[in-house]
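What follows is chain A paired twice: with chain B in the first complex and chain C in the second.
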Partner chain A sequence: MARMKFLCDSDRCIECNACVTACKNEHEVPWGINRRRVVTINDGKAGERSISMACMHCTDAPCAAVCPTSCFYTTADAIVLHDKDTCIGCGYCFYACPFGAPQYPRVGNFGTRGKMDKCTYCAGGPQADNVAAEYTQYGANRIAEGKLPICAEMCSTKALLAGDGEMIATIYRERVQKRGYGAGAWGWRTAYKETLSV
Partner chain B sequence: MLIKRSEGKAAKQRLAQAYAGLSSGGLDRRAFLRQAGFAGAGLAALGTLAPSRVQASGAATGVADHSRPIQRIKNICTHCSVGCTVTAEVQNGVWVGQEPTWASPINRGTHCAKGAAVRELVHGDRRLKYPMKLVGGQWQRISWDVAYAEIAEKLMKVRAESGPDSVFWLGSAKFSNEGAYLYRKFAAFWGTNNVDHQARICHSTTVAGVANTWGYGAQTNSYNDIRNSKTMIIMGGNPAEAHPVSLQHLLSGKERNRANMIVIDPRFTRTAAHATEYVRIRPGTDIPVIWGMLHHIFANGWEDKEFIRQRVYGMDEIRAEVAKWTPAEVERVTGVPGEQLKKVAQTFATEKPATLIWCMGATQKTVGTANVRAFSILLLATGNVGADGTGANIFRGHCNVQGATDFGLDVGTLPAYYGLEEGAWRHWGRVWGVPFENLRDRFENVQMMGAPGIPTTRYFDAATLPKDQIQQRDRLKAMMVFGHGGNTVTRMPEAVKGLEAMELLVVADPHPTTFAVLSGRRDNTYLLPICTQFECDGSRTASNRSVQWGHKIVNPIFESKTDYEVMYRLAGALDAAAEKSGQAIRFQQDMFKPYEIKDGAPTAESILREINRGSLSTGYTGQSPERLKLHMEHQDKFDLVTLRGREGTPVANEFYGMPWPCWGPAEWKHPGSHILYNTNLHVKDGGGTFRPRFGTERNGVTLLAEGSWSKGSEIQDGYPEFTTAVLKRLGWYDELTAEEKAWIEGNGGTFSWATDLSFGVMRVAMGHGCVPYGNGKARAVAWNLPDPVPVHREPIYTPRLDLLAQYPTLPDRRGFRLPHLGQSVQARSNQVARDFPIILTSGRLVEYEGGGEETRSNKWLAELQQDMFVEINPGDAAERNIRDGQWVWVSGPENNARTRVKALVTERVGKGVAFMPFHFAGWFMGTDQRSKYPQGTDPIVLGESVNAVTTYGYDPVTFMQETKVTLCQIRAA
Partner chain C sequence: MIARILPALALALGLGFTTPAPAQIGGPVTGIPTNPAPSGFSAEELELQKALQGGRIGGRISIPDAQAASLVQPAGRDWRAFHNVTLSWIGGIAVLGMLAIIGMFYATRGRIAIDSGRSGRTIQRFNLLERSAHWMTAGSFVVLALTGLNLTFGRWLILPIIGPDAFATITLWGKFAHNYLSFPFTLGIVLLFLLWVKDNIPNGRDVGWLKAAGGLFGHSHPPAGRFNAGQKMVFWITVIGGTLVAISGYVLIFPFWATDIAGQQLAHIVHGVISVLMIGAMLGHIYIGSVGMEGAFDAMGSGQVDLNWAKEHHSLWVEDEMKKARETIAPNAKVAGAD
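And then the complex of A and B:
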């Protein structure tokens, strides 16, 4: 079975934010919620690197481990999703997540946040595929249509790769060999606890 | 970039508030549609709402209904010049989704932030919804009919009182090719050369510089071809933010060839972050850097001697100038260490093929044309022109700035660079089917017909200067602005006065633009809602000269109209106004008679056919609507690197989008020219030579190529352009068919390849394997320019007073009907440099484009960049006690100008340099102008414009404005 993953090639990422607006466009994500964002380190200095960050759909997802209502579930493609009808907006997952993926629609008194929202790997939610109710709560379900997440498909420099872990590892390995030097595939090991043999 | 660091809860709330509160006033599209759907009585009032639009209201949630069919329509992104294909999913006439276009060889499915968010443009919450006018300072809704009639009447009044030259026709690089051409034709029929567009303020100096060097003013190779380069220098450009999808090709090339990627820039840009070498220079010292490189190249014999001998004129004069630029002098002027520059020079000259990429950092200078010339000379000296992986890869700005330039939205030429000479008017008169006399009588007089007009960088001067300083009958009195921002030109405080002096201001745009709010105008100001190119058919030319056809995705939203329709109807309204006021002139009949009129507007296809008939000089003749549509349909059949159509397909052997020149009528099936001046190919297969445009001999030295010719040429040496006389001399005249001869002899008998509408001269020349425009040498020395050999000249406002005497700017002069001050303004540096010690430069952000009105209204983009800012070096910030993120005043040395912006303290800029992005407007000198926008059309994000503090300074050849080097002071607010 395929294991769906994201990999951001930091040698290619130019912080153009296409992944961010493609996501907003595809799912009509409201202002203030960022399922995906681009992070830049060493900004303006030698060694500046950018990486596109969203839910990494971890193998052993810390968000799921801490969720008091067990709203998280992992699909057969190893995509980590959650059920908004069960979510109570407690925010534990936000503290557990190493990538800052969980987002909340409200900032209110007494810590009320509303239902958590995060990257779905363009795989929708627990409802039937591609029905209006699914779109309203979770956004489009591209995986059901046989497509990959829109952020990776539209990445301007093809830095952000999405797909079966083995497939994207192969693409990345070929790139590294062509370049003749290694590069940091940022976040991979944190998410998947595997060593990358390149 | 970057004021998006977390400011915690407070910031989030503030922004959410700004967004929610401010959008409440207007009618958003969904509310609009809902009203239209529910209330039958409302329909009549809304008037022009098409039936399909009403049906669409049911599905207006923006979500695709997967149980029903979805239509896919391809168009081209309306932002930068890369030309990414956009695939829209349309259901019930509503654009419900955007899919990657894997087939396009240019973007291969990808987009940048702007391209991935274009669907929002046609949601259009903040779009201008119906025509409006200012009445006593208040915006009022009016109907299209009233708008046309009132505008036409006022235009005809100005015409009667002040002459046709008192109306300024400002066009757009966002027009389709057909729209741009039609607008230029409109100005010609109005009787003025005061017609311009954004190319003036982005790459006019590129066009002038490279056309004066080797013949045509365009990118020589393509984005895709950069995949072949072994060395690329990016100088004065930041494509990672301005042309993000181009980086796909650059970075792939870098990986594939282990290529050197060298960035030369005053700023450590996002592009520099991916470079193998970064060279920091002082802003405004490009020529010394290039001469410094050539110094090492000539000293070490790294130049391409054979290439220079065969194909370059005047390199010895360059050697003499370059000899002055010793490594020590270069370091003194530019700040670049000699050893680093030597390494860069060696890499560029020896690790070939090498390409030089530039953008507005090179062009928006008082020495813009000279910069471009110097860049071209570096390419010539190293033999890096006219082959795979080489060339001047000039990345242009807007989606159709190349096409709009080609079609003469320019004060100095008719479409396709024919110029303004009588011969040019006669040529276009023949194409348009109107006699020369008809055109002449529309102008003030025959002299004004040949006199270059007033450029967009100076329109406000032409409205306010004393009459005797302006070389036309009267000042500018009326201004028609189609698709142009008001914050893109320097010296905005003076623009305010100019706008206030105009009797009439008309803004035709999807958004109100800065023009609507900048000045204190209270009346005689009209806003006309124009749809985007997504709501309209037409072709556009990408930076690499590939022409792509965009299919209309949805009907124009709200009451907006296409450019074609507005020009057609306005011409009709002008006729009525002329009749009413007893003026003899008429417009609509003569101008539009060649076109097919459908649904009250000329069709894009029929306009393109007229372009194909007349644009021989640039090879815009083979790209018929049918061929362009075929290419869009078969995008997947083209090679990624060579752009050639694969064998056995309907587009076999053709280059994608038939980059001009694409010779002959469409039936000749010319493939287009992927790489200009490429002698390795036959002319019929896209080959070419340098174009001899400046005679055949200079001071006893030939200007024709020596021992170099394009593949398969029967003349195996240089030759001049083909004319009927040349054909006779060669004994080839009788190869013309009887029909061709009949046309030529029936129309006067002497024609060149570019004016022979029978295509006979071109056909015969190409039959012998010759390039119709000739085979000449590129000119290292351009004797018709103010500086035939480019020389360093300090910016008008410079902190280096010690260099002023040695490298002064040009003396005061005149040009384009106006005075052009040089040294008299530069002398002010001596007084102001002490109080304004920081160099101010400007540039682009990835999220926004141009004046930014459209992109700042797009909620998906606006969220990413919410504040105007200034980048300031930590050293300068510490001296001024400025912390990151705090408000500061940036003030300039003219007009007591000052702007209130946020500080971004970063090492991205060097000490003594500050950077501001140029996309912001809506605040002016510390005042928020949001309330001046018509309700509901205010962009989400407003901010101070950098051009409020930019200063005087113009390139002598094109009047390009200086935006990249001026002085400023920064103080905590």
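And then the complex of A and C:
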């Protein structure tokens, strides 16, 4: 089985936010929820970089480790998913997540969080593939259709890569060797406890 | 590559050693890097450096959510370790340790009886307002404690027994109960403070009471006023602990209204640690106020305690009450034999 990962080549990302928009559109993500976002560091300075970030589908995922109801599970492709029926919206996964991936709709009293929502790697949820209930809760299940996540697939500069970790690492390595520079794989040390040597 | 990494590693390690661990929680949100960026800086080096420093990699974001501007926050790792390891140990020791102490105490000392037996006459110890405030606080505390412990331990203790769906249902209702009952609990803390603070100021008699260990071992009854030193400790644990738990709890109920993620993590740490310590203390309080001591429950039950119980445990308070009663009933009467 593949080990699915995201890799954002920040030397290519032009901060067009199309990945963010495509994600919202594909899954009909509600207002105020952003499964993916683009962060620009060193904005306006030398060394400015934009990085598209979402759930990295970590090895030994911190969200799963701290969840009081143990609602997370990992697929055979190492995609970290969760069951919204057993999520209670406590917010612990957001405190533990290094990447700020978990999102919560504001529902009900106080600042009470609704059921957590996050990037599913376009792999839906625990229901049968591509049933209406799955779409309502988690959005499209492109993986079940043999497609890659929409954000990476439609990235105009191919900065955002999704797929098996080995394959996208190879693509990235070839790029770096050809052009002679590369800032590296953002979040890989934190998410996968490995770095991408070029 | 090696030549690039080594200086950065050395710098990062140096900073890592000089940064005390607790500061990692409240580490500043920094745009990176602190020194001017080399044109080809590496994501891996930056991540390693920030992980060792406890800082965050953050930047600018176009969506209107300040939280989203944080790219990588290594402090989540420390919070995870706190939640899964530290808090479990503190909580486990506080609850099981206190239960073990109570069990051993009951096995050796047994129920503390009224030495001189019940007199049949009673004296009012707590009025309706005091009892209502106590039970409002106590009732909400018990639910808050159980639902709170469930968040930390339920996954390991209850979920395997009743299954994920039933567990998710009770935990969700537990969350609602926890949120709503925080209000009567907080009100109760304020009321108890106002009602009892004047009788809970520590004074010289408390030293003697503590030296005699409150008469818990043996059958001595060190003199005490309305509240003995042990009860004063329970009072201040409730007031100070309850205040800290309430403040940190409201920070958690209204996420990100008052603080950022470092503040939320810190609020959870304060809330968790103080809560389990309070639960341990209250287990002792519940024991000695119910099965642990004959006649003690009446104080918070009917509010009328047996006079002999009161004389044994709160001798100075009984004297005061008697004096007041005499002055109220017959202000000019002289004590028998005074002529």
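Note that the second predicted complex is superposed on the first by the 192 of 198 C-alpha atoms of A that agree within 3 Å, B and C clash if a C-alpha of one lies under 4 Å from a C-alpha of the other, contacts with A are read in each partner's own complex, and residues count from 1 in each chain.
We adopt the following convention: a residue touches a chain if its C-beta (ideal position, glycine included) is under 8 Å from a C-beta of that chain, and two chains touch if they have at least 3 such contacts.
Keep in mind the model is a prediction, meaning the values are calculated, not measured.
In the superposed model, A:39 lies in contact with chain C only, and not with chain B.
Contact with chain C, but none with chain B, is seen for A:113 once the two complexes are overlaid on the shared chain.
By the touch criterion defined above, A:89 reaches chain C but does not reach chain B. In the superposed model, C is the one of chain B and chain C that contacts more residues of chain A. In the superposed model, A:14 makes contact with chain B only, not with chain C.
In the superposition on chain A, contact is made by A:67 with chain C only, not with chain B. Annotation: chain A residues 17, 20, 32, 40, 43, 45-46 touch chain B in one complex and chain C in the other. Within the complex, the chain A residues that touch chain B are 11-12, 14-22, 24-26, 28, 31-32, 40, 43-46, 48-50, 107, 130, 132, 135-136, 140, 150, 153-158, 175, 178-180. Within the complex formed with chain C, the residues of chain A that make contact are 10, 17, 20, 32, 34, 37-43, 45-47, 51, 53, 62, 65-71, 83, 85-92, 94-100, 109-113, 181-190, 195-198.
Chain B meets chain A in the complex at residues 1-2, 9, 12-13, 15-16, 19, 61-63, 65-66, 97-98, 100, 108-117, 119-120, 240-241, 244-245, 247-248, 251, 255-256, 258, 268, 270-271, 273-274, 278, 846-847, 859-861, 863-864, 871, 906-909.
Residues 1, 31-33, 36-45, 47-48, 51, 57-63, 65, 67-74, 76-77, 79-80, 83-84, 150-152, 154-155, 159, 164-165, 167-168, 171-172, 175, 179, 252-257, 261, 264-265, 268 of chain C touch chain A in their complex.
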